[in-house]
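Letters are used for the chains, namely A, B, C, D and E, taken in the order the chains are written, and counting of residues starts over at 1 for each.
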Amino acid sequence: MAERKLQVALYWGAACGGCDVAVLDTNEFILDVAAAADIRLWPIAVDGKYQDVEAMDDAELDVTLFNGAVRNSENEHVAKLLRRKSKIMVAFGTCAHLGGIPGLANQFSREEIMERAYLNNPSLEVGNRTLPQTQTDCAAGQLEIPRFYARVYRLADVVEVDYTVPGCPPHPSQVKAVLTAVVTGTLPPRGAVVGASERAVCDDCPRKKEEKRVARFYRPWQIIQDPERCLLEQGILCAGSVTRSGCGVRCPNSNMPCRGCYGPLPNVRDQGAKFISAVSSIVDSKDPEEIDRILAGVPDIMGYAYRFGLPGSLLQRSL
Amino acid sequence: MEERRIGVYVCNCGTNIAKMVDCEAVAREAEQLPGVVAARSYKYMCSNPGQEMIQQDIRDLKLDRVVVAACSPRMHELTFRGALQGAGLNPYFLEMANIREQCSWVHEDARAATSKAAALTRAAVKRVVFHEPLEKRYVDMCPATLVIGGGVAGITAALELAGADQPVYLVEREDHLGGNVARVDLTAPYLDSARDILAERIARVRENSNIRVLLESEVQQVTGFVGNFTATIRTGRDGEVATTEARIGSVIVCTGYQPFDAARVQSYGYGWFPNVVTSFDFERMLRSGRIVTDKGAPPRYVAIVHCIGSRSQEFHPYCSRVCCMTALKYAHEAKSALPEAYVYDLYIDMHAFGKGCEDFYRRSAEIKTIFLMYRKGSAPEIRQAGPKYDCEMLIRVNDQLSGEEVDIPADLVVLMVGMESREDAGKVARMVNISQDKDGWFIESHPKLDPVATTTDGVFIAGACQAPKDITDSVAQARAAAARILGKIARGRIEVDAVFAEVDEERCSGCRMCNELCPYVAIEYDETKKRSHVISALCKACGTCVASCPSGAIKARHFTDQQIFAQIEGVL
Amino acid sequence: MDFEPKIVGFLCNWCSYTGADLAGTSRIKYEPNVRVIRVMCSARVDPTFVLKAFEQGADGVLICGCHPGDCHYTEGNYKTMRRFPLLKRLLGDYGIEPERVRLEWVSASEGHRFAEIVNDMAAKIRAMGPCLARPALTEDPAQR
Amino acid sequence: MDAEARIGVYLCRRGTGIADAVDFHAVAEYVAKAHGVRLVRDLGFLPALDPAELAAEIAREGLDTVVIAGDSPGFFKPAFTRAMADAGGDPLRVRLASFREHAAGMRDATDRAKATLACAVLGVPYGLAALPDTTSVHPDTLIIGGGVAGIQAALEVAGADKKVYLVERTPTIGGHMAMFDKTFPTLDCAACILTPKMVAVGQHDKIELMTCAEVQEVTGTPGSYRVKILQRAKRVDADACVACHACMEVCPVSVPSEFDDGVTTRKAIFMAFPQAVPNAYVIDAEHCTYVQSDGQRCGACLKKCAKEAIHFEETDRVVEVEVGNIIIATGYDIFDARRIERYGYGTYPNVVTALEFERLTNASGPTGGAIVMKTKKHNRRTKQDEWVFAPDGPRPKSIAIIHCVGSRDANFNPYCSRVCCMYSLKFAHLVKEKLPDAQCYEYYIDMRAFGKGYEEFFERIKEEGVFVVRGRSAKVTGSEDSLVVRGEDILSDKLLEFPVDMVLLAVGLEPARGSEKLATLLRIPRDQDGWFSEADYNTDPTGTERGGIYVAGVCQGPKDIPDTVAQAAAVAARVLRSIVSGRGRDSRDSVSLPEIERRARERAGAST
Amino acid sequence: MAILANPRLVGELEHYGAGDVVKCYHCGNCSAACPFSKEPFIFPRKSMRYLQMGLEDKLRGNLEPWLCYYCGECSEQCPREAEPGEVMMSMRRWLTAQYDFTGISKLFYKSWKAELSAIVAVALLTGLGFWWWGATHGDIRHYDGPQAFLASSFVHAFDWIMGGVLLALLLTNCARMWWFSMGRSRINVPLTEYVRRAWLLPVHFLTQKRYRECEKKRPWAVHLALMLSYVTMLVLIMFFLHAFQEGPEISWPHHSLGYLATIGLIGASVYALRGRIRRSETHYKHSHETDWIFLILLLYVAVTGIVQHALHRFGAGHAANILYLAHMMGVVPMLVLEVPFSKWAHLAYRPLAMYFSELQGAAILAREKSAAPAVRARAA
């Protein structure tokens, strides 16, 4: 095995590029990667064409780190292509894992999104009514651009995923961990989440946890928080308890509540549902009106519950 | 997952189910489900042959899971669990589909009912796949009992337990024992002295070293679980307050009733007319030997009005059960103390149902009590009599027996106030975790076959706190409660249900979300391990913590997410 | 064929399930649209169950518990009560009409009430038509 | 004891049976000698007393305490209390010495009366002074009667790991409740709640169930009774029998079914009902051709039984057991409606009793629960026309339910049977449920809907459109297929003559046959109506005069199911109490008069 | 307007024998059991209710007690042993007292001693008066003829005077009865109806036909025999006294009737007395003092009458005269005291009540028919 260099592809679907940055954030480790592996596809850093990939034998690639969600036909096409060419398909980062921030678009229909982006956007030139078309005839012939799907999918919705590396973006240490595991052949059983904890962020969170009773919810900027005490107990909607740890408690350590990017814990099917269940359970009132009043302090419930995972939720999208 | 071998049994319940549900079709449909190796329908699944059929199949077909589609699991789940156990299968490998109470009995469209029954059965099959073997556990039974309320029921229960040499804490709020019976002079229908009855029992209570009587005391808190409760009892009034911590195994709630407030019924003018009194006011008069009007003269006309606050749309719909006989007792007593007086008795239906009661009713008539029957809902009206009458008041009543509206003279009107649940019954209910019905009475575990137990293990109810009751019925109930407790004491240990919640410490992140949610304080947080865990004996398996655990680290045994998901899939 | 809604009912063991049983023992008739899943307490009803039901094709979900103050587990139903507003809002955001999810208090003595609730809910949902959550999930990949 | 006490003793009679058993003259002489007694007056049979006269006498004699003694002294108490208050005395110092309470059925009623009076004079509760001594207790218990009371008591006692013998006269336990369809007011099905309990009894390893058995002789003393039980031959081995019905199918004998109250027939080899416990066939020797012919004829079942469970050679045998406690739970029989000719029961086929109707409405009954009228069928065997309930029989269009049949009636049973009102309402509901168009009339005197949820049930029945007629109907006239019920509707002031298709007689309850014999056997008293007398109405509704013998359920007086169950459990408390503590109580008559006197004096001394 | 209840009425009626009325718990069995109880007169329960409650006016205007013949069916079935039959009987006594304006009737019913004293007084007065007249106007040894001790002309004159007084008393009482039951009541019966149905009066009087509707026929037969005997005898004496006084040969057309009547009187009164002593039938179970007095008096009069007659026919004129005195000492009190003031008054009241009730019933039913079809619909 040692003679043959590892064949690696990195690809981004509907993504912000943060995951790729996270790979680069491994700093000099990337050189070790380069030494140990051939990076066969990495659109952000390496020139490469789809034809090259198509030309590969099936399973020629050892591993593909696929970040980003599946938003359009190109994403799906490439995902399927890479799946065919790879021995191991890794959903890399929250977008691939659960849909991520792009997944929030699942609250809206394709038409609403198009309308918002191309017709009804304050940054557009007045009067412009141009909408992207999948096929456009021009001087060069017929141009084809990918079809914009009705909703966002997780990578797992379109192809079989072998491993998942959660995080928005994954912590550089996870990137190291997963690549090391591939190189050393110490991968866990298929289907596992790699590089993250089996417990919630709270487990790693150093803040002091006591009685959980909340009589009012606050946005982080609304109060001066106690840096020692559990944010939720202070009324700040922290998703740490419903979120897999592995991030190093970066947000709470920065006095910001956890937003849940690492996704639900292994035994939890729907992160958002659990989030509202847990958070509302600790509302300190038995009076229906007061309960309503307290819970009114929770803004944008969909956004809070599924900031990183609407396509991964049970219902996946709004109707 | 290994392949399951599931048996499905569809009960016809005579025609109870079969009339509306095509049981055979339900069985045939179930047969198609994965894992199902046998599906049968039978006339009475709960009968001995029915149970034996299941047991036979378990042995012959090596079943490892059983689904019974029959009546409500509240009815026969235990029966069938017993059957499984009898065949050597873990009793929790059973799931029931309720196709009678919630299907055949409530639907009129046989096709829809059958398809619903099939869905419910399918859900049960899907669920049972995930059932886990559970074992019952045993905990110690503390022989001491806490009796809350020192009325006749409480005293009886205490004496019964103490008579078997078991320690009892008898807690009474007042400074004396006896409760409402202590306010009564004689008892119906044999006109025995209530005072004598109590004197004897109280003397026995005092002489019994097993009974610790705590007067002027209130139970503040009851924690723990069956066999192992701890009660905090606060004794004394404002000044000197002592607190007793008692370790007890059972609780009998005998908090009794409170009389209905007669002033709430406008037409009787209680509180307005000085000579309109309640039954308890009248008892006081009888006990003092001074039955007089506000003018100090013995009344010439005594009127007794039944059903004050009872059997009414406006106040309490129920019958208070004892007032009729008490009213007849008053008729006797009034005739005895005031031989010249005329006694009227205004009733709706005469509830003289107990032993000796009909005879007492007859004798009340023989001593010339004049009975008038008024209609439920049209209460008699009382007004001041003018100077031309030789009486204080006139009662206008539409007598149902003659069809005439008559005025009857009255110098003294006795209102038979009904019983209502005590104002603070809710507090007691919450303290010992029992429920109240719409009228505030404590709810028994089963109205027919378990009239003294409650849905909370180790907590019993006796006497008029469960529903209006006379002395003899209260006494019987108090003893019945004592029987339950003695039975447990005799066995020395108690079975604790195998169904409870448990924390998977491998998954618990110590977020402490659940800690405050548990009403039984069954969840303990380990500061050193930074993990929570459930004290299973305290757990009542409600599942609150399970639903809220953000990590999914708490499992409700027998109600796991997986099982319920499967069930959801099944019903749809 | 006429649309017959499927309603999943989560009933607490002590009050509502008993109440529904009472409807049965009293032979009170109601629509067969509800399929009951028994839980020990309404507080066991994880919002996930509700989403799961819609995912599986339910047209409505009914959660019944003891009346506030009556809970067999003292205050489990208050927890249900607390969870419900956010759940409703979440479902609203999902685009599921509020009439499709109901939280009702049904005591052990309210067989009639249970029947009325079921009938009312069945009628309303029947008028609304099927819930589209499941069809949306099972759409044809070609239609993406 | 107050040395200066001035006590007046008044003897009075109200004319109950107990008064006759007591020698009032002797009692008066006895009490006159008691310390502090200044006045003894025998008032005889006065209907009422004049408080003014009494007050004058109390003042004249300077009495500070009055003791009223007699068979029902309570009646005179208010008069004396008033007299005491009027005379300026302490109204609380009026004491009662009731002979009724403590003298019922005693060997020497006069001695008991004396003792009661002695205690009252000393101001000591009789119950304390006369408390029987403790005895040691055998841990086993005998329960006579396998109805719901017996079942409940058995399960309670056995649940504490104590041995129970449950003796039942018929081939199955379950009693009347097993025959019922629904129970009021919740309408849950009786069998559904009872059969699991029956199964539990049958399966319990601490309960020795003896069906077809009767108690024959009881000897011994409280805490250790030796009981001879006659175990009648069942002639079928219950363990071997699998209740396959094969034997029944070939049995040529057909007799009215007791379980269906005679509305259907059964065979000579039979099982009372499919859920019977023990779930096995028995042979009714009285009707079995084989047994009656000494094995000369028939024997068809014997040949048919594949499991060879039938043993005709089996004979009655006597089993002797020793027990510490005996619980009587023999229940009731229903009033024989034939005794009231004017209702036409036995004459008109469609005049039926409540129990027959109970079987008719029962899903396991002759019509599968359909309410039908009786139709004429020709019986080929007897060559006679018979009126039977056939499943396809015509549905009645109107049904009248007559309450208080045999109850609340000086000519029959003066007492109220307590359950008839509610079961009648239940029937009305069932009629309305099963035949919504049928008219249903309830003829009642007082609607005794007193229990938890009962009144609400009554309201519901009225809403369902049942006509409630306040007035007992007096007669049923008509012919085989048309009936007229004549009764007064008091509330509407009308004399109603309704033509109806069916009349349902709400027959009352009577002590079970044989309870007289049992009372003699156990030496416990019965009241004037034949129910077993409880030790004390208020405070000991389940005890009897004899130590270690208890009554539970209807055999003590009519009762509904919840009250029966509560009582059965209450008895279990007594039994368990004695077993757990190892101490029982001797019979009430074990304490002699001098002993009671001695203890009362001791207590009186102790209390001052 | 509500009526004021009078709790004392029950106590009052106790004197008339209605003591058991308090036991009634109004099951309605009696009204349904009674063969006469028909719309709109449903009894005896309702009457018992008026009594229990002390609705005196209602009771006073109540004709129902007169509709009852005391067959005893109600009392036998009564579950409370409230003796409705006897209560109706006592109400008849009370009503008799109410109709009587003199108050004598009330006195007699409340005190048997008063009645007995009055009888003895009247008997003595009669005896003395007749003795004086006889002694001054004739010879005790002569039964008839000019020397007759008590000539039929004299007796006849006396009869007619006494008859006139009795009739006056009875008629006023009957008028009062009419006033209580018909005149005062709000049910208006036109005069033409009174005339149209007047034939009912003699029919009921002579046939007692309603009594025959009772299930038991024997009481009716006995009662009819007694009644017819009495009337026969009364008519014979009032109009054919001379035929009786003549003799000693027997005037068969008159005497045969007289013998029959005597047999009827003696037979029926002996039967009734024996029944009351043995309490053989329900309606004999309870006996008011006035019942005894009446029966004994009746028997006495009948026996003295026939013995006197025999003596006369056998020529023992002396003895016959003495016995005649004794006979008259019975007859006069019986007629002047029993007829207007006691049990015998029902001879007039009962047929009147039948007559009135028919009128009233027709009026009530007609009114109900027009006023409340809904009520009837429900009953149907």
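Keep in mind that, in the parts below, a contact is a pair of C-beta atoms (placed from the backbone, for glycine too) under 8 Å apart; a residue touches a chain by one contact, two chains touch by 3 or more.
All values derive from a computational prediction rather than experimental measurement.
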Starting at chain A, find the fewest moves between touching chains needed to arrive at chain B.
-> 1
When you check each chain against chain A and chain C, which touch both of them?
-> B
From chain C, the most remote chain by mean C-alpha position | E
Pair exhibiting more inter-chain C-beta contacts, B-E or B-D | B-D
Using C-alpha atoms only, the most centrally placed chain is B
Chain C to chain E: how many Å between their CA centres?
-> 81
Could you give the separation in Å between the centres of chain C and chain D, each centre being the mean of its C-alpha atoms?
-> 47
Per the centroid of Cα atoms for each chain, what is the distance between chain B and chain C, given in Å?
-> 28
What whole-number Å value describes the gap between the mean CA coordinates of chain A and chain E?
-> 113
Which residue numbers or ranges of chain A touch two or more of the other chains?
-> 268-269, 274, 277, 281
Indicate the residues of chain B shared as contacts by at least two other chains.
-> 350, 362, 401, 517, 544, 547-548, 561, 565
Residues of chain E touching at least two other chains | 25-26, 46, 80
Every chain pair in contact, whichever chains are involved | A-B, A-C, B-C, B-D, B-E, C-D, D-E
Note: in the complex, chain E contacts chain B through residues 2-5, 7-8, 10-11, 22-26, 46, 49-50, 52-55, 58, 80
Along chain D, where are the residues that touch chain E in the complex?
-> 342, 404, 408-412, 445, 470-475, 486-490, 492-496
Given the complex, residues on chain A that touch chain B span 198-203, 209-213, 230, 240-242, 245, 264-269, 274-275, 277-278, 281-282
Could you pull out which chain A residues touch chain C in their complex?
-> 73, 76, 107, 147, 149-151, 153, 268-270, 272-274, 276-277, 279-281, 283, 285-286, 288, 291-292, 295, 298, 301-302, 305, 313-319
The answer for chain D against chain B in the complex is residues 47-51, 72-79, 81-86, 91-92, 94-96, 98, 100-101, 125-128, 148, 152, 156-157, 159-162, 183, 186, 188-189, 192-197, 199, 202-203, 242-243, 274-275, 277, 279, 363-364, 368-369, 408, 414-416, 418, 446-456, 459, 470, 490-491, 493, 527, 531, 534, 537-542, 556-558, 561-563, 565-574, 576-581
